[in-house]
């Protein structure tokens, strides 16, 4: 197990290094922050001073070397825009996104598993057809469109819910609901497909011959086997949110890491972008470990 | 069927008629296919016929509401903030929307599948390096990549296709590789080896036909995904730039008027949702129709024995 | 009329399928009493398992439908009971075990839990259930039962898994045990042990045993009475020994006639001259595991050499190593004087057409997406020197006729054929290359007995016509007895005995060969009864 985690960590670290290098150089190709942060009529001297302070005068390789050296002592540099350590800015945003991801994925997982399993139990039945149709619609829905339609309906016309911000629990309802729809549709289909296979398997036949009741057949004998392919999809979807639920965060004014990343690129706040990438990569690495652990817990045939 | 087919074609000549009859058995898929056909026709002919009408501003008709029978058919869905007819604009925008999605799917499927086949079949270095490549692309937040690249290059149709194609390569790479790894161990591949078949022959005659339906099914699904991704980019303002239009951009353009003119965003969004839904339905149908062992489910028509 | 423990009266079941409604069984009636063993004998598609599924309420409805009949358990009609009442009977009063226990045990739960579940489902407290599960594991002969409780199904061998299934089935002391092909995938020696265990347990508990099988040998070994089924109907029923010695129905006669191992053994043929294939000290290692430990033998032109052995004996590895599907770790194999093992790929290509292989499962060895025409003609696409393209079509038709198929079927796909027909296609494909030697890896084991006999006859005919040689790999001794010239017995990667069919079957030297022969089942109940006495006397099955 330790060896497995080690291998995984090395592989992830390699792709992270590649990612950081790519983003470091690519992002600097997007332009000079000076043009963005100083007024158009700023003096040459002021521009020079700004560049000097932010270390933008040195050749790119020197900038990169300095960045790596700072990184070695866990200094991620300062945010140009906010004049604060980039890592602090990123962690604040990440905390919001993490919450969003956890709440959404818990709801999605629970709902998709229960509904998908029941749909698979009576394939072609009325419940199955309704569930399948709605999951297809859900998987097809563009989230930005759902989001603005939801705002028009629930926030503007009905005035039940706030349009944006993070103040109360009511602020969470719309973002979570919108974020819920697509993963729910996708995971429901995977659960259904997997459970159809499992419920027609030989060991379920044995369980019937033993006189086991329907509910334990679905949720004890079936589900634990049927979960294996589902977990992978749950992981992919969760990774998607952790990498930034940009659209939802933008529309609902939710201060998460996705919005932060995009804003920072547009504002040429490179240190924040790099820190954000590293934080979300670490989060995804840990989550993938959890997924692998879940695999091993669910299926005794899997050993790392 | 009873006729003896020509030398090369061992498959009975069925073609279009079989496909249509198989589609007819699944009414959902049939409707989906019809709708997609309509979209494709719009994409091909729309700009040719309606380019002028789509860009003609009419300031007296700003944000004209839909279903107003007193106006032309063009204004059936209402008009946008500059008084341009929404229905016509949706028809014209179909071209860019479809072209970007189709282009991205084509390139990512072609490159990803080839890499996946190579990675799955070879036993050497390639089988190690290629999957890593996929992992690196996967670990890159795709929207971020798009933002960076489109910020540097100009967001033309071609560049957007390239960016979206790159982010989707791992999907095909992983699937193709996993399938090849499984199929290569099957008995009929061993049987071909015993007959002395070359690697190329085994990959293209025995493995690819088995893997292809899965890849096609995924490509159909992915078409929907790419459409959504393109729409998201346009919505964020880093995709296609006006005066070019896509459905995603239309949704974004309507956003400031949400409170008083909901139809500006609603109709293009509906176009997106119906197209992706159709693609999903068609993909589900394909999964069954392309599998000779499962095809009977469609041939017998009934749903009762699913 | 006395009341039977279980009685099936005029049962008819149909299924709605692609080809319309299929009558799976029609007007099937039989009964089972306490302490009795009833065998339902039939080939695949005969409907032999359907009545058992109906008893256990395992038929999915739809597509299945019970159109008529009654199933009486102590006189009460089960088909009139509610689902909940049926559930209470399952496992508690009637239990069932299946073929392929690995698939039928849940892979993600411990065997202790699964056995205990049988009892907790029917109301036994958990602690008591565990205690009894442990006792059951001990009873069915699982080594170290306490440790075994916490293990998972994949950690046991095939025979042990079937013992686990039996322990589970018997947990609630049912009145009836239904065993659906319980020993089909097992090695002969393990099969004998499992059947013996079933018999012992039946004697202990007095349960009625319903055994569903395709194997006349199993019937001869264990059944009191037999019901013979064909195409969904019962064709004959009666005392097992009487049915065998005096079959009434033509189908029964055909079935008994097709049973292998009764014909005259082939005469010894003198084959002088150069061997076609000479294998010397061939070996194959997987890491530290030695699958083949230096195997040497020869095959003469026109000769059939059988390799027999149980699973894990290395017989399949031998075939794969000879064809270079796996690279051998050492040794030599001279084909017409040239070493196959060290031959460069280019030369090997030319030889490929002379040595062909027929695999065990034709469902898997035929590409499902190629038509029969494509499958067979591919041989000439790879080796164009054999046949010009213009003559492909005629030659495919010719080959199909040769293997007993309608040439008009060339445009069909493999899934449209039955198992036996598919194996004929595979043989036609091998013949397309005009080989000298065909390696048959369990080529008839997956087929029904009557089909098996036909395929063997086909192979035999082809040998005579083309002077082919066969390396015939099998686990089934009776099949080998009818077909082979010489027999090689393998165990744990080594050849333990080698000789002509007569030598091996009439005067085996090695104890292992003798054990194999003793454990293999004869279709004649009287022969089988004599063997059992001999076996008991020899104490070969005390394990």
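Think of it as A, B and C in the order they're written, each chain with its own count starting at 1.
Methods note: a contact is a pair of C-beta atoms (placed from the backbone, for glycine too) under 8 Å apart; a residue touches a chain by one contact, two chains touch by 3 or more.
Chain labels with UniProt names: A = ABC transporter permease subunit; C = Dipeptide ABC transporter ATP-binding protein.
If you're wondering where the values come from, they're calculated on a predicted model, not measured in any experiment.
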item	value
Greatest separation from chain C - chain, by CA centre	A
A-C or A-B, whichever has more C-beta pairs in contact	A-B
Intercentroid distance (Cα basis), chain C paired with chain B, Å	47
Chain centre separation (chain A, chain C; CA means) in Å	51
Distance from the mean Cα position of chain B to that of chain A, given in whole angstrom	24
Residues within chain B bordering two or more other chains	304
Partner chain C, residues of chain B touching it in the complex	1, 4-5, 7, 10-12, 186-188, 190-198, 201, 205-206, 209-210, 292-293, 296-297, 299-300, 302, 304-305
Interface residues, chain B side, partner chain A - complex	132, 135-136, 139-141, 143-144, 147-149, 151-152, 224, 228, 231-232, 235-236, 248, 251-252, 255, 258-259, 262, 265-266, 269, 272-273, 276-277, 279-281, 284, 303-304, 306
Sites on chain A touched by chain C in the complex	201-203, 205-213, 216, 221, 224-225, 298-301
Chain B-touching residues of chain C, taken from the complex the two chains share	16-18, 62-63, 323, 325, 348-349, 352-353, 355-357, 359, 361, 364-371, 373-374, 377-379, 381-383, 389-390, 392-393, 410-411, 413, 415, 426, 429, 433
Residue ranges of chain A in contact with chain B within the complex	11-12, 14-16, 18-19, 22-23, 26-27, 29-31, 123-124, 136-137, 139-145, 148-149, 151-152, 156, 243-244, 246-247, 250, 258, 261-262, 265-266, 273, 277, 280-281, 284
